[in-house]
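Input: one structure, supplied below.
When the chains are written out, they are named A, B, C, D and E in that same order, and each has its own residue count from 1.
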Amino acid sequence: MASDPLHLHAVGDEPLVVAADVRKRFGSVEVLKGISLRVAKGEVLGVIGPSGSGKSTFLRCINQLERIDGGAIFVGGELIGYRRVGDKLHELDDGEIARQRRSIGMVFQRFNLFPHLTVTQNITEGPVQVLRERPAEARDHAHALLERVGLADKRDAYPAELSGGQQQRVAIARTLAMRPKLILFDEPTSALDPELVGEVLTVMRDLAASGMTMIVVTHELGFARDVCQRVAFMDRGQVVEIGDPRQVLAKPTQKRTQDFISMVRK
Amino acid sequence: MTDTVYEISHLTLVPRRHPGRAVGAAVVLGLLAALVYSFAVGQIEWSYVAEFLTVPVILHGLGNTILMAILAMLLGLALGVVFAVMRLSENPVLKYTAIAYVWFFRAVPALLQLLLWFNLALIFPYIGLPGVFSVRTVEVMTPFVAALLGLGIQQGAFTAEVVRAGLLSVDKGQYEAAQSIGMPRLQMLRRIIMPQAMRVIVPPVGNEFIGMVKLTSLASVIQFTDILHSAQNIYYANSRVIELLIVAASWYLVTVTALSLIQMRIERYYAKGVRPVGGNA
Amino acid sequence: QGLPDNIKASKTITVANVPNYPPMEFKDPKTATLTGLDIDLGHALFKKLGLEVKWQEISFEQMVSGLTTGRVDMILSGMTDTEARRETLDFVDYLTTGAQFYTTIDNKDAFKAMTDLCGKTVGASRRTSFPGEMEKWSKANCEAAGKPALTIVGTEGSADARTQLRQKRLDAAVQGSETLPYLLTLEPNAYVIIGQPFTQQHQGMAFAKTAPGLRDTVAKALQDIIADGTYKAVLAKWNLEANGVTTALVNGQPVK
Amino acid sequence: MTDTVYEISHLTLVPRRHPGRAVGAAVVLGLLAALVYSFAVGQIEWSYVAEFLTVPVILHGLGNTILMAILAMLLGLALGVVFAVMRLSENPVLKYTAIAYVWFFRAVPALLQLLLWFNLALIFPYIGLPGVFSVRTVEVMTPFVAALLGLGIQQGAFTAEVVRAGLLSVDKGQYEAAQSIGMPRLQMLRRIIMPQAMRVIVPPVGNEFIGMVKLTSLASVIQFTDILHSAQNIYYANSRVIELLIVAASWYLVTVTALSLIQMRIERYYAKGVRPVGGNA
Amino acid sequence: MASDPLHLHAVGDEPLVVAADVRKRFGSVEVLKGISLRVAKGEVLGVIGPSGSGKSTFLRCINQLERIDGGAIFVGGELIGYRRVGDKLHELDDGEIARQRRSIGMVFQRFNLFPHLTVTQNITEGPVQVLRERPAEARDHAHALLERVGLADKRDAYPAELSGGQQQRVAIARTLAMRPKLILFDEPTSALDPELVGEVLTVMRDLAASGMTMIVVTHELGFARDVCQRVAFMDRGQVVEIGDPRQVLAKPTQKRTQDFISMVRK
């Protein structure tokens, strides 16, 4: 670790995500104080940490829902938010930012399904409108994805007719329909009733097993331990500790990590 | 304390009585009847009302009123959406243009706006592209065109505020979800945000539409022959003011009732996918 | 005397007036005081009857219902006595009037005679009887002679008609002959009169059909001030001697 | 792939350029300048505008306009709250009375409502308690009273819909929390629900208030001397129609701007305790 | 248990709450299918069960936020919603229902603090407006209660400025200010971030120790085990099992209880 102070070394050798000294402030408060890490292709990175530590903000920076104030983020080798021309970095325009977002999926805590569209329409909206896939093809693909998340019978339901767990599985299918290189999960189960958490985690486990690169902010320590290759613990805008889940969760080296884990376990 | 206290299954249930309701209904109906009677025996010649209700001049005015209300409202909606989106844009030019538009056209009375458009020739006697073509302004600014511009542009300012409130009412998560599947801004507004904003937009726009039906009567000052103008032309000649106003009011009531029914259907359409209120889930 | 009891008791008469018809009645733009021929005439008339006048500003919409509800006792407001209006009102006529064409000064040479207007666009206030009279005139003088008819526009008032003249929306306009001299002094070198008045009508004070006593009393008083010269002095003040009547008329008929 | 790709700290940042914004601003300002110029050289006598802007008649009309707008709006708000609460009541008499009220007074043109109130004597020549006292209706129904009733009662119908939307916008949990501490219904509405509903109610009521300022001009048909009426009285005498309408419009602009500023302050007041948008917490 | 089929016997001998065959339907769906149970004065009853089983509905019936369709509920020996006159039960009017609610506190999942009032005003609103206490007294009492829930320093904050855990503690103080005989908790911690759950449960523990009668719907099995005298397991509108938490949670007799508990534990 001493030779890699910025935690730049991911597990594999081909990094899909590289964050270098990412900084973000809201007004006068610095919410991310220099986040550096790498995520290898096919890796599942868990992110844990107390409320307000900047976990969501970090994911939102990767997906450009927030603009960073310092440092850089690369996804698939491509710089996020800028284009390099000679010795200059040109800020991207809205259309190019939208293009970059297409290969990055995001699953939100409160699902954010489109309430006025049916389950199938929610899933085909992106492929048809953004990727210009043919509607019939997109529909078939959507139905295959619904099969995969165990909701083949809910094709024509509206989101409001589904339980939270079902909505979150549709949200995952909606993300998958865009064939992303990377999926960001922001506490995907914390708005769910306890007995519905399992069904969402099962889908995410399958996804991890299929080789999808994922960054998962979660309070489900069991999931982090079983599924993630590495876990990062964030506190007050910094990555305090990152490494093998068995090490970070079971015998954390940092006092702050220990406190947090005992708090959540209680 | 013995358990017999809790034995109540043999008792008779007496539902709450609402004596006030029956009394209230009686009072309201009584007042209504008294009102109807007073109108019937008051100094109003109902035979004139019946006679003029369906004369061609009145029906023609009614048609003009409805046509103008629809067209001005469409123009207002189009402008309202454009200026609401401009107002929420990050581009300061667009934003302040929108703010100025709303400020000016909400503040200047409709009557004056109509007169200014109609009398545009006082300021621009000719319009056109210099050197290419040019026409006399009064040829273009017919009462119809002036009314449409005056009413529609003013309506746009009011609608812009309504649409803006609608756009702001859509959950931030919806914007983010649309962005995260890589939707460009305009597509996001059209496909995701607007359909949801409509639930909040339709009721006040319904109000405004009803207002517009009545506002068209202002256009009578620039010789647009709406229903009130037609009624006035008749009473200027025969002095039956109240009777002809009742004729006009009857048609307004019919039109507004029809509009309210249409509004209800549109509201129901945009409510699709929304769970009825209830439950704490 | 045939005065109603409430007037007798209070010694005041409430008279409806729409101050939008100079020089018959208008408000001085600076001082906002009510002035005009009708106002002067009213004062002379009711002085004769020993009554105080209360002018009640009103709109056209309110004229008849104002009489019916007792808000006002009579109307003295440059109102033209017409057949249609006699269905609901009684008139005591006090001035002759006629519809008269005029146009802007730059059209002076285009429209020398009244028949030059055939086929042109001519406007008049839609609150007046002029649009109807113009139609009759057009039938008799244009269409009968094989010329195109007048295009008649009912404007919102006579001020509006003049605004439209200035924009060339209208080629000419019609006003009562009693108002044109005032207009020509107000805006000198702006307008010219075309031909002669083409109708013969009367301005009348209007009464509810239910108040014949008041009507006849006022008619009598008018007769009196015509006789003693006060009437003539009022007309002279407004340069309208030519429009005077020689005797008071009730609904167009001389009083016995 | 070597790590040098990720070495970017030595590069210069070029912020996004917005050439469109400067061009847009230039176009908008240019158009505005052209407009101002056209008005300045058009057939408008600006000296008349300046002269009449502050004559006592106009200022008196302005005072009447503002006074009437405020009073009619207060009446409208009071009626609006009462009928909105009635509309949401479980009592069918109250509910359907409220529905009928909104339907009728939204549909009948304001002009007719004013004339009907003013001419109430056509139907009820005397009002009072039989045997106790009675006055002539025309004594009571002065232009001021008739305008206040006509405008206020119609405004109540529109406001009722706005207030109802506001009451519905308050989270169901707030009703339940208030009930669970044993609050009676009216107290709950007054202390808990209305203060929160105000956030949703104030913006459209602001819109309506601005509308009311302009609507008062209708009351000139029943001899209420608002500012437009005053301006008309002047242009009837001197034929300066456009000039005097510009005078009136200037005062409307001032009034409406002042009202908008007040509205902003009220909105800020009712926003207390509301977290500014932001964060996903 | 066989001699007490309706589970009418509470732990103590003086029952504060008696529910007898309570039924509730929404439209054609019967959501409560005859709930019978007793809660003794000073008892803490835990209620667990899957989503949609009717837990919230049952609490809402006790507090008359819903009107029951059958059976009866007594609180402190007083029939809820009706008054007995001879052989007749007269439905109460709104004012009397409001009076009955005053002695029953309720803590909601989403806190439902009044957002336009400060913390202190939230707490004094009921005492001053409903109980007609003197404002100065109510304020002192409010400050004492804030001390008790550990929020003395947040007196003048608005709810939006507080974390979820702090808001829920204010909600508990607001309820206590009414000096209720009984407090109903509807999943008081399930809208909270995991590390904030502890602070709310601590306050509830203190409350239980002070002898307050409480009915607590919760998914926190640890809390149910440690604090509740009895736990009821509800499923599809019925109480399936009720008894000592160590028995219900550790070795449930019913298959449905077993399934649920293993699901939540996972």
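Keep in mind that, in the parts below, contacts are C-beta pairs under 8 Å (C-beta built on N, C-alpha and C of every residue); 3 or more make two chains touch, one makes a residue touch a chain.
If you're wondering where the values come from, they're calculated on a predicted model, not measured in any experiment.
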Once the contact rule is applied, which chains count as partners of both chain A and chain C? B, D
Write down the chain pair with more C-beta contact pairs when D-E is set against B-C. D-E
For chain A, which other chain has the most distant CA centre? C
Measuring centre to centre with CA averages, how many angstrom lie between chain B and chain E? 47
Nearest whole angstrom, what separates the Cα centre of chain C from the Cα centre of chain D? 40
Suppose each chain is reduced to the average of its Cα coordinates; what separation in Å results between chain B and chain D? 15
Please report how many Å separate the Cα centroid of chain C from that of chain E, as a whole number. 83
Please output the residue numbers of chain E that touch at least 2 other chains, ranges allowed. 51, 108
Give the residues of chain C that touch two or more other chains, as numbers and ranges in rising order. 61-62, 65, 68, 160, 163, 166
For chain D, which residues are shared contacts with two or more other chains? 43, 115, 119, 122, 173, 241-242, 280
Chain pairs in touch? A-B, A-D, A-E, B-C, B-D, B-E, C-D, D-E
Listed in rising order, chain E residues that touch chain B in their complex are 8, 14-15, 18, 20, 26, 51-52, 56, 60, 72, 74, 77, 79, 82, 84, 87-93, 108-109, 186
Chain D residues touching chain E in their complex are 171, 173-174, 176-185, 187, 191-192, 195-196, 270, 272-275
Residues of chain B touching chain C in the complex: 43, 119, 121-122, 125, 136-138, 220-223, 232-233, 235-242, 245
Help me check something: in the complex, which residues belonging to chain D touch chain B? 18, 20-21, 24-25, 28, 38-39, 42-44, 91-94, 97, 103-104, 106-112, 115-116, 119, 122-124, 158, 161-162, 165, 172-173, 203-204, 207, 210-211, 214, 217, 228, 241-242, 245-246, 248-249, 252-253, 255-257, 260, 277, 280
In the complex with chain E, residue positions of chain B that touch it: 1, 3, 5-6, 8, 10-16, 278, 280-281
